[in-house]
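Here the chain labels run A, B, C and D in written order, and each chain numbers its own residues starting at 1.
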Amino acid sequence: MAKLFFRYSAMNAGKSTSLLQIAYNYEEQGQKVLLFTARIDDRSGLGVIASRLGLQRQAATFDTDTDFWALLSGPQRGSGAQPIACVLIDESQFLTPAQVRQLHRLANTVGLPVICFGLRSDFMGQPFPGSAHLLTLADDIEEIKTICACGRKATMNIRTSDSGERVREGEQVEIGGNKRYQQVCARCFYSGAS
Amino acid sequence: MAKLFFRYSAMNAGKSTSLLQIAYNYEEQGQKVLLFTARIDDRSGLGVIASRLGLQRQAATFDTDTDFWALLSGPQRGSGAQPIACVLIDESQFLTPAQVRQLHRLANTVGLPVICFGLRSDFMGQPFPGSAHLLTLADDIEEIKTICACGRKATMNIRTSDSGERVREGEQVEIGGNKRYQQVCARCFYSGAS
Amino acid sequence: MAKLFFRYSAMNAGKSTSLLQIAYNYEEQGQKVLLFTARIDDRSGLGVIASRLGLQRQAATFDTDTDFWALLSGPQRGSGAQPIACVLIDESQFLTPAQVRQLHRLANTVGLPVICFGLRSDFMGQPFPGSAHLLTLADDIEEIKTICACGRKATMNIRTSDSGERVREGEQVEIGGNKRYQQVCARCFYSGAS
Amino acid sequence: MAKLFFRYSAMNAGKSTSLLQIAYNYEEQGQKVLLFTARIDDRSGLGVIASRLGLQRQAATFDTDTDFWALLSGPQRGSGAQPIACVLIDESQFLTPAQVRQLHRLANTVGLPVICFGLRSDFMGQPFPGSAHLLTLADDIEEIKTICACGRKATMNIRTSDSGERVREGEQVEIGGNKRYQQVCARCFYSGAS
């Protein structure tokens, strides 16, 4: 039976690179993959999955209205040409809980493997709803590791202001704008915390 | 630096056995551990961590008012006698988000290792708040595996009524009472689902 | 498809406890398991799997002549009564490379899950042939963690003489006798090493 | 304390991509890395680490005479300019057992993290000496997953002749030449096996 996979990390770990590598691995075997990224994240252009290493590729987009079950569970999935061997979703912290449920059910009842990549926590150390549900339901969970400036493993993220000061409160999501994010280890995350 | 560990599973995997084994491993090395379980779970007696294999042991209890930071971060931790080498918490799905944060900070700033054991999801496949925050913050996450009656890996739980019928709605927590829980694989979890 | 699992650790981690818990989990679901331990290891009596927590249970024994493929691949496996749902092997560092191959093939072609528990390295930090082949072929590898006297994770083992001195050379296997083994972290393992 | 990491996989999983991503992650933080690949593997040019996704980069080379302890344990490591934050080694199945021991000791006593990437088994399902010792000593082991043409996870490798026939015997290492390798799942590996 297929699985729902969740590959989580802090910022700047190489999630998109890893996603693009897996897509390549499937296609090299002559298999078909379907790529999604969040419509809300248009830093590299709408529907573009881009790696800091310079790789990029077009993907379908999802927003909170996307019904993955309706899109992917039906007989049309295999009709006509080649069936989809794997669904790959970037920026999956932006999935709704209902969408995570749809993906979990697709993997476990329809047999379609789904691999989601996303951030684990926001700049306040709080869960993203999509990630919390992926962590709760995924059949296979794996961390993509990256490092803090201090050399330890980074597991958290912080947001800084235009002037480089750490910002501790605000909206969970502020894509683009002039805010900046940085991955840090838990020790650095709590340093100076009250 | 110490870590916050989360060992999650479905029902009946052996979480308490694993906790008692780790306590034994520490004590065999002459090190001191502190055990907690949820006050709400008194199936085996208040503050008793009991394994289905027949092992059991007394533990301190926590409820939603317990302040782990106040209890464990202070200088009294090492004063007098032997310092605590590790904190072990059973039934950690009942921790509050604030308590998970306290434990994460204890591990990463005070240097006290904390190992939490708990259920990942409830009988409706929804997150427990404690588990969702442990999955979001823990420095090390590992599944304790168990099996479904069908032979596949069990990752979900279901609740049945007195008459053995599956119950799909209700309060998240009903300890004791005459409800029953059973671990199932995701496929069995969705079978018959609308 | 079934898998060959390898659960490895240093000495005194709780391997036998974990094995007995898994056997219990299967049997609680009404499923049949087959337990093996090494004939060479008779510290707790021939064919006895014993946990330091006080649990113990009789098992079949294997030695270098045991042919797991002949024993378990045939139609007799399901004939008569209940088929075997899982094979559990303790002290699997003593398996031969050919036996590991048999077990890998059983899992992946016959569909019989096999879960092996064993030490990863000997007192000189050298591989056991059984463990090296399990690490090379197993479909799923997981460490059972334990701690060094210094508080770090123990991944290595040392042997001491009757007088408590560390012994750095000798036969790989000396069960019983008056030698003693102790798990240590890699740092303690190398301390004083030339 | 630093660790020796081993990231293993079958052929064509994306090991080199993953290595190059980690190097990038360190350098983006202003930290210095040292890259090695096997002198024996000159498919992409001597000392070139190349990813099937098109990325590539120059690296130092090692052969069986390289003494990593002599190279990296001394005070010169930090002298002059910036100290090395991490050593990354591709094609690490070609390390000798003694070299793996040097790297394990470097990580655990000198405190220099070492991340090795390599194949787990050869085309006959036998261990590479380097990989067997990495699996035996590494402080952290992780699989990089890839797929078989049949859709299952590939864990094994096969060699084929010029005419595309599977070859079951021969030298362990034949880089270049006109032999070909393909990753397969264990089930496909054993299919047609006597």
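The rule is simple: contacts are C-beta pairs under 8 Å (C-beta built on N, C-alpha and C of every residue); 3 or more make two chains touch, one makes a residue touch a chain.
As the structure is a computational prediction, the values presented were derived from the model and not from experiment.
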*Hey, which pair has more contacts between C-betas, B-C or A-B?*
A-B
*How many angstrom lie between the CA centroids of chain B and chain D, rounded to a whole number?*
38
_Between chain A and chain B, what distance separates the C-alpha centroids? Give it in angstrom._
27
*Would you give the residues of chain D that are in contact with at least 2 other chains, written as numbers and ranges?*
none
*Arrangement of touching chains [line / ring / star / complete / other]*: ring
*Where on chain D is chain C touching in the complex?*
1, 101, 104-105, 107-109, 120-121, 125-127, 131-133, 135-137, 139, 141, 143, 152-153, 155, 185-187, 189-190, 193
*For the chain A and chain D complex, residues of the former touching the latter*: 12-14, 17-18, 20-22, 24-26, 28-31, 52-55, 85, 146-149, 151
